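Two complexes follow with chain A in common, the first pairing it with chain B and the second with chain C.
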Partner chain A sequence: MANKVIYAVYDDPEQLKDGARKLVSGGLKVKDVYSPFPVHGIDPIIGITRTRLGIVSFMFGITGAALAVLGIWYFNIFDWPMNIGGKPSFHYYQNVPSFIPVTFEFTVLCAAHGMALTYLIRNKTLPGMPARNPDPRTTDDKFIIEVRTADNHGRSTQEIEGLLQGTGMVEFNERAC
Partner chain B sequence: MNFTISKRARTLSMALVVLGALATVAGVIGDHSDHHQRTWSALLVNGFFFLGIGLGALFFYALQNATETAWSVLVKRVYEGIMAWIPVGAIVMIVVLAAGSLHLHHIYHWMDASLYDKASPNYDEIMAGKKAFLNQPFFWIRSLVYLGTFVLFARWFRKKSLEMDGLTGESLVRTHLLTYRRGALFLVFFAVFSSTLAWDWLMSIDAHWFSTLYGWYVFSGMWVSAMVTGVVMVLYLKRKGYLPQVSNSHIHDMGKWVFAISFLWTYLYFSQFMLIWYSNIPEEVTYFQQRINDHPWLTWTTFAINFALPMVLLMSRDAKRNPRFLIGVGAAIFIGHWLDVNMMVMPGAAGHDFHHGIGLLDAGMFTLFLGLFITVVFNALAKAPLTPVNHPFLEESVHHQI
Partner chain C sequence: MHAEAAIREPLILGHKTYHDVTEDIVRPIENKAPRGWYILMTIASLIAAYGTGCILYLISKGIGVWGLNKTVDWAWDITNFVWWVGIGHAGTLISAVLLLFRQRWRMAINRSAEAMTIFAVIMAATFPGIHMGRIWMAYWVLPLPNQFGSLWVNFNSPLLWDVFAISTYFSVSLVFWYIGLIPDFATIRDKVTKPTMKKIYGILSFGWTGNAKAWTRFEEVSLVLAGIATPLVFSVHSVVSMDFATSIIPGWHTTIFPPYFVSGAVFSGFAMVQTLLLVMRKVMHLEAYITKKHIEYMNIVIIVTGSIVGVAYITELFISWYSGVEYESYAFINRATGPYLWAYWSMMTCNVISPQLFWFKKLRTHLGFTFFMSIVVNIGMWFERFVIIVTSLHRDYMPSAWTMFHPTWVDVGVFLGTIGIFFTLYLLFARYFPVLALNEVKSILKTSGESYKQRAATHHHH
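Right after this comes the complex of A and B.
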């Protein structure tokens, strides 16, 4: 049997949530949901685990702070001791208050850019990447649940369509994949 | 559901008051400073710290009204409870300031009339130059205007909040819009008063010294103390089975406030320090010499508790959703900001009498004030339903989820 991908199209995010709940309680695995705006509370229904973007951001921040400290130490203390208000500049710690703002800014720069880039790469939405959206209407006023038969062995498309009957679904499309 | 103070809480706060009073008396007997300057300074520290919590809560409450914030509606009664301390704190402040005016203590050096007398050997040109602002009549007008404004606004907000419990429909919305406008109005007053009260009551202790950032620094300390008090109070009430609709999401948001305002405090504290350190002008830098050189341990402990502790421990989402953890960190930050007020007041006000740092007198007075504070706040909480009965955003707050 050829694997199929199913798109259940909805008009309303609440009805979409009902549909997703029905599928999951019927033992099916929902691949993804496409919507024009974030649908509140859909993540736990279709079993999306919590994002690890915060951890990534933290690591980029730590990296930025370390790079800043290293750079400042090399430029302003080791290579060319910078005269800051006539204070002693033989060691990093003697001038550390004046380095804090730069360190902070570089930490934020690295954390923010690193987080944004990671997000775009993980989503495969860097500028120029081909759009993977199955239906352009989900950027306007339609909501789509995507289910793959490959993820749900032994479940026919008819059975899935049957589960979704009466949840306000407006279209049921299937495609070979 | 109405809050009833448990027997244990009553005994405990009573014990705090008694213990604190005993320690305070012992501390006062052991205080051999001139004019009991050390005792008066401790009274100013605790009077201001706890009044600051009330003011921080009032500010936050007005902010929630002015921004029409929905999630915090469920916990607004807790902030109203904390605001009930403001009149008591105001009386303590008036006592301390009046004692200064009557020359019972010399915390406010500038109140000495001989400084402005050209014939006197005490004549101080710098102080004479500040006389247009720092003179007793104007000082008292300002102080009474601040305290009066705070007491009136706090009472008004509380009154309207209780009134809304009995309203529905059109009249509820009308009252809500009224509190929304009054909230914004209060913020305008507070924007000015939070800075000027810090100049008057705290910065004028070191009357020769000044810092333009000082007002914000003091304000951020008050704000974060109020946020900590609020979240610890809510967690206590939840553990006792009250506020059943307050969910992890509300706790998380309150934890975020503690985290965020800790950084605001750090930012302002460090900005003030760095500019003074960098330029190294004698009349400015003496302020930090009196603190960092004379009390290095106290300075760095305060900074570590108020900055490093929340940064490391409250960064993760799980930490902000863990009640036990949040209570522990919150208690530490609470003490940290009390230490911070000590560092604002003591080196200038008590000078050499603060040589040994925090002692029995300070700890005793803190305990006494904490006991009284808990008693006053709990009594205010017990007077009205803990969960507001009616509010246009109540439903939205109940369903708050992040």
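Right after this comes the complex of A and C.
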């Protein structure tokens, strides 16, 4: 039997969640879900783990803070201490209050841009990438569950369609893959 | 699904489906622009062209063509800089702070408010840039190795803090805005039929798929960026205020400046959002999305921040007397009764007295009145910066140096020019970009949409 990819199309995110729940409790693996906006609560149903982008942002943030401290220490304390109105300039700890704003800004700069770049790369959303949603209507008003027969050996498309009966599905499409 | 209390007013009026939301926003992008757009665009770009000419003239001749003198060495340039940065703050407040507070009404206005932020910060950054005189030396503000020994920039100076604050603020706002735009560009990409448009929006949408993991990441990025943009926006105007507060000029050297500047910034920014949105909702027929309730919410923010600004003005006056510092007292007496009293009282009327009219529900839900007030507040906030800068400088410690500031045509031209450039950019945004956050508005349609709320209410009764 040739492998197939099945798209169950919905009009409403709640009905899509019902459909996904039925499939999963029927022992099927849902490949993915495509929607025009985030469907809250779909991740645990289809087994998507929490993203670690928050941690990434934190790591970039502390890197930024460390670079800022090191840089400012080198520029204004070590390499060329500036005498501004006789204010202390020979030790980092004496001068640190006026270094806080730039340290903070640089921390934010690195945390935000590091996270944003990681996000774009991980999502494979970069300039010039082709659109990869299975149906152009998923960015408008349709919600689609994608199931692959290759992930669910021994299940026929009829069986999958049967599981989704009564969940408010509006279309059931299959394609060879 | 998350249900919303029936007594909360709907945020999307009438009956809309997800497809209607797409149609309402993408149609103006697909169709030819209305005549009004061409008229406004012509006016704005002519003013922008004149302003650009003034800037080029200034750069070729030097700062001497401005009205600055030895006593008043900061005037319109810095006034305009602070005014534009302040206007920018509302966009971040709406998209970041209101996201953290889970205010759903932000979703109809955040996109255009963020666009306003970005354009306003560009205009703001123009002023310190051209005030350098030799703009081709602008890279000197960065800590780069150089042939002077190496002589580094001074990290103790608020002017340098500003360089870092403004550039971080601009770039982070831009990224935050663009990440939100990607899914909406994908909607346009999948909707339009003209091949060139499809190609352009295809590139802009970075190949967005909208699968479950992408949306999870999207929401995480939005939340974390909102979380770090919030302290960032407060830091930006605090740093701007420290350009003044850390100097020993009477009228500037006060610790109240950071909170006072930040609330003033939000105050003027919301006024600018009102000016832009009241026109946009009418021209682009967005009345169902940007409702009277949205306008009222924004007016409430204007009363709160306007009142904080009022309290700050009065506190400043009181402290100038209570401090017992002769110079400080004189600076404030001179503001209120000296040769610049017209500026001071315009500021007081526009910023302290007039927003109090919004306590009347009739007035704060009246669109025409709101539009009028938004202009009044923006004029008032421009005068605030003018009063702080010029009246503090023009009579300094040495009476023989006392003088007045007279703007030249270049001062006026550059300022008008930035308004022209700002509106040109905003009009381009309104024409070619999705002016509502489509994906966010759709996500609240079934909880905050009028027809869905009514349906839920009737279901409950039976």
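By definition in this document, the second predicted complex is superposed on the first by the 175 of 177 C-alpha atoms of A that agree within 3 Å, B and C clash if a C-alpha of one lies under 4 Å from a C-alpha of the other, contacts with A are read in each partner's own complex, and residues count from 1 in each chain.
Heads up, the rule we're going with is that a residue touches a chain if its C-beta (ideal position, glycine included) is under 8 Å from a C-beta of that chain, and two chains touch if they have at least 3 such contacts.
Since this is a predicted model, take the numbers as computed values, not measurements.
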Chain B versus chain C as contact partner of A:L67, first or second or both or neither: neither
Touched partner set for A:G54, first chain B, second chain C, both or neither: both
First (chain B), second (chain C), both or neither touched by A:I84: both
Chain B versus chain C as contact partner of A:V24, first or second or both or neither: neither
Touching partner for A:S98 - first (chain B), second (chain C), both, neither: both
Shared chain A surface residues [contacts with chain B and with chain C]: 40, 54, 84, 87, 98, 101
Contact footprint of chain B on chain A as seen in their complex: 40-41, 54, 58, 84-87, 97-98, 100-101
Sites on chain C touched by chain A in the complex: 1-2, 17-19, 22, 143, 149-158, 160-161, 164-165, 167-168, 171-172, 175-176, 179, 182-183, 186-187, 189-191, 202-203, 205-221, 224-225, 228-229, 231-232, 235, 239, 242, 438-440, 442-443, 446
Footprint of chain C on chain A - complex, ascending: 12-14, 32-40, 42-43, 46, 48, 50-51, 53-54, 57, 61, 71-72, 75-76, 79-80, 82, 84, 87, 95, 98-99, 101-102, 104-106, 108-109, 111-113, 115-116, 119-120, 122-133, 136-141
For the chain B and chain A complex, residues of the former touching the latter: 270, 273-274, 277-280, 315-317, 401
